[in-house]
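Letters are used for the chains, namely A, B and C, taken in the order the chains are written, and counting of residues starts over at 1 for each.
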Amino acid sequence: MECTAKELAEYVGAQIEGDGSLRITGCASPTSAKAGEVIFVEAGGHAEATARMMEAAGKSAARCVILAPGVAMAGKTLLRAANPRLAFAKALAWLHPAPRIAQGIHATATVARSARLAEGVGVGPYAVIEEEAEIGPGSQIGAHSFVGRGARVGADCRIYPRATLYAGVRLGARVAVHSGAVVGADGFGYVPTDDGYVKFQQIGTVEIDDDVEIGANTTIDRGALDATRIGRGVKIDNLVQIGHNVEVGEHSVVAAQAGIAGSCKVGKKVILTGQTGLSGHCTLEDGVILAPQSGVPEGKTWHAGAVLFGSPARPLDKAKKILAVYGHLPELWDKVRKLEAAGPTSEAGKG
Amino acid sequence: MECTAKELAEYVGAQIEGDGSLRITGCASPTSAKAGEVIFVEAGGHAEATARMMEAAGKSAARCVILAPGVAMAGKTLLRAANPRLAFAKALAWLHPAPRIAQGIHATATVARSARLAEGVGVGPYAVIEEEAEIGPGSQIGAHSFVGRGARVGADCRIYPRATLYAGVRLGARVAVHSGAVVGADGFGYVPTDDGYVKFQQIGTVEIDDDVEIGANTTIDRGALDATRIGRGVKIDNLVQIGHNVEVGEHSVVAAQAGIAGSCKVGKKVILTGQTGLSGHCTLEDGVILAPQSGVPEGKTWHAGAVLFGSPARPLDKAKKILAVYGHLPELWDKVRKLEAAGPTSEAGKG
Amino acid sequence: MECTAKELAEYVGAQIEGDGSLRITGCASPTSAKAGEVIFVEAGGHAEATARMMEAAGKSAARCVILAPGVAMAGKTLLRAANPRLAFAKALAWLHPAPRIAQGIHATATVARSARLAEGVGVGPYAVIEEEAEIGPGSQIGAHSFVGRGARVGADCRIYPRATLYAGVRLGARVAVHSGAVVGADGFGYVPTDDGYVKFQQIGTVEIDDDVEIGANTTIDRGALDATRIGRGVKIDNLVQIGHNVEVGEHSVVAAQAGIAGSCKVGKKVILTGQTGLSGHCTLEDGVILAPQSGVPEGKTWHAGAVLFGSPARPLDKAKKILAVYGHLPELWDKVRKLEAAGPTSEAGKG
């Protein structure tokens, strides 16, 4: 895919300054870009970081730069955009469309007779699509992927090689599932008895709405009796665990190695950063942000917009004040020892 | 699978009150149940939660309810059981038997001539069973699963699609291994030298006893020289790491994303909750409970029945007292500052 | 593979004492060894642990022991080595060579016509090697493994069954990739907008240098625009997450369930222990050691040789002093309360 700078400006919604006939062959970083590639400079951010990026962009071989209005840069064709990163992301999607996962039905795939594959579905080598499964138009099922009995995959989904969709799970449109992800394995449900644990058969399912992305080796368990639900536009990183009966609201983000235990309710636009954990039956209302490695105890509710840190998590401003003192605990101890040492004297003074 | 309320009561060991001829078609949650489905109300627990469940059960379309003796509920056929959750779990197992993973030997499977498959073994599409491997009667090996040379799988095991059993590992009877789990990869053993790390070839194995369940994408490493051992009835959640030479005792539970480093000894009925970690060479005696995200330092021993929290972990009652003060550190700091400010005056008073 | 004690001594560079004609059939631990197997006793370490190992070695059926010079042991053929563990690792590699993963090109494998396989390459059942991929001499690609378009695998690599190499990733020589590992999935890059997240297409790659080992179910994401880079000799355990654009220097070690967020720079000979986490854009210089479950905040730099503990991580000596007081916070609180109670009296004393 190639275009002119003018065409690219129109596509990404930018104002062009300079040579609109410039041939654009792709996107790149400032340091690795070739002359025909477009780069960008992030707007906002730390002044120091911006200065570094401006310098790298100026030195880059790239002759076309996406940057914010009002920022000077000599010798380049400029694409002015209020949000350069967003404009660059659009350029990426246009010039570097996601690579094909599977085209046509590979001769080695095993597709059950009762499975329904819509038009334009691709199925890679050795993929297995079981009875009554449905694959929506334009979806691609990678090599070695497994789509269980009665599972439903919406339109234009990208199931990368070696993903597992257990029987009966449902994916909306434009869902991406990366390699090694497992959707719909049994939730972790047992009844303790004196003779050990008795399995609580997990007969629920998983429902994943449109435009969700699921990272490599992430696991999303089926509900115990009903469904585990992932809302529209949710982005889930690698090695994330989502337990049975969990609900995650629209446009929330779950970073790598985070874990959400059973029956948690996570609102919309929540951000769970890396290695965070929610114990069972927590509620995070809309917009809550949980800092890295933080944890929320069993059953706890945090209200909309809370920004949290620590294990157990506390509001960040409070947590920062506590941490500031925590770092001086040895001094605090010494202070108290000195006050105690002074104490008897003053007690003596009482007499 | 269907039955009458009377048959179900007998099967789960409950006393029936009401219409024993009621047709039961399955199990469900109160909110999603249809008339013919059975639901349950948990006994014990918080009064508030119980009240909510009772209300939901009362309003449910379900006409049959499993609940504790002595609790009133009008208009339903009641199955009285001392442990309603346990009775419901039995109902689930009867009415919703675990779905078939594989039946017969699929034409596309690759089974070595020297592998021994007992009667009733199912092998799914593209599964690989290498030389000298043994699969016990009634076991099912899912699509794309890999059973290495000389590995032994006991009777009635459920190996879900896309699981890996490295060469030589041994599973008892009724073991379930979920998709993406890897049993028997090399332990993390190297010898540091000035020129980098020299591999310590891992020639041990993994021995998994009867009735163990292993979650999706969990990894259990082979021992360095001897065996990593998982005891009878142990339940392991998703994305758990178990290092080489570890021993886990009977009926212990390991929740999602927990990690047990090499050579740890974990007793019987231990509970490792989510995202907990044991550093190498720890010992947890029987019944120890480790709260979420807690960690036990290298070589540490905790005695039977300890309930622990924090990283490093401390007994929970102590940890709670510490945390209570931790939350007031800024105030504590202020108090000490005020005492100091008052100090010179009192010292002056000495004069 | 078998040899005499004399041959083994020569191979591992040890001085022999005793019967050089002893037939050595393999390596083992003291407790499980048979007469013909060689064992070792670690040098250094805690006196108590060493005493235990010496006793176990003395009682062992093994007739050949690798141990440090100057340590007495009766009735055995001794192989004296300054570093017995290293000598034993060499013995292991010689007597127990890594088992074959794949030999020849299995009839069921799908190898693109344009893929280039060097001499001696093994490809297991159902493996997929896409267009333009290159596999170096002597490398083995396990069953169900996936090598994407244009990926390059160096010489003598061991790709265990069920691993994924996304399109275009590059591996050096002697790289081991365990089952379930995913190299080159999309980095976690999106641009937030009012309507949700817009994907930042990840067009970079992954470059893995020689002698790297990658554990089971570990994920290493491709760079956003350039490459994620893993240096020579790096050892990565199971279930590790390495984000886009990360660089890990030579001979560093990353233990199980550790996570390195995007754009971090990790120096040489760094040790990230289990469940540690680096937030985005951190820098750890050469030789930094991060204790278990510790975390480094966004953008933080730690200088060469720092030994760190906690979340947020602090230098270990400081962290230990803080933790010592932390454990006494309830006492500290009581002390301050007592001082306060004494306070008014002393103030009264002022009058």
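In this text, contacts are C-beta pairs under 8 Å (C-beta built on N, C-alpha and C of every residue); 3 or more make two chains touch, one makes a residue touch a chain.
Bear in mind that the values here come from a model prediction, so they are computed numbers and not experimental data.
In a homomeric contact, the two copies may use the same or different surfaces; for chain B and chain C, under half of the interface residue numbers are shared, pointing to different surfaces.
Matching the C-alpha atoms of chain A with those of chain C calls for a turn of 120 degrees, to the nearest 5. Taking the mean of the C-alpha atoms as each chain's centre, chain B and chain C sit 26 Å apart.
Annotation for chain C: residues 108, 126, 144, 162, 180, 217, 239, 257, 275, 293, 311, 326, 332, 336, 339, 346, 349 touch two or more other chains.
Here chain C touches chain B in the complex through residues 26-29, 31-32, 83, 85-86, 88-90, 92-93, 96, 98-99, 106, 108, 124-126, 142-144, 160-162, 176, 178-180, 211, 213, 215-217, 232-233, 235, 237-239, 250-251, 253, 255-257, 273-275, 292-293, 311, 323, 326-327, 329-330, 332-333, 336, 339-340, 343, 346-347, 349-350, going by the rule given at the top. For chain B in complex with chain C, the touching residues are 108, 110, 126, 128, 144, 146, 148-149, 162, 164, 166-167, 180, 182, 185-186, 188, 190-191, 193, 196-201, 203, 217, 219, 221, 224-226, 239, 241, 243, 257, 259, 261, 275, 277, 279, 293, 295, 297-298, 311-312, 314, 321-322, 324-326, 328, 332, 335-336, 339, 342, 345-346, 349.
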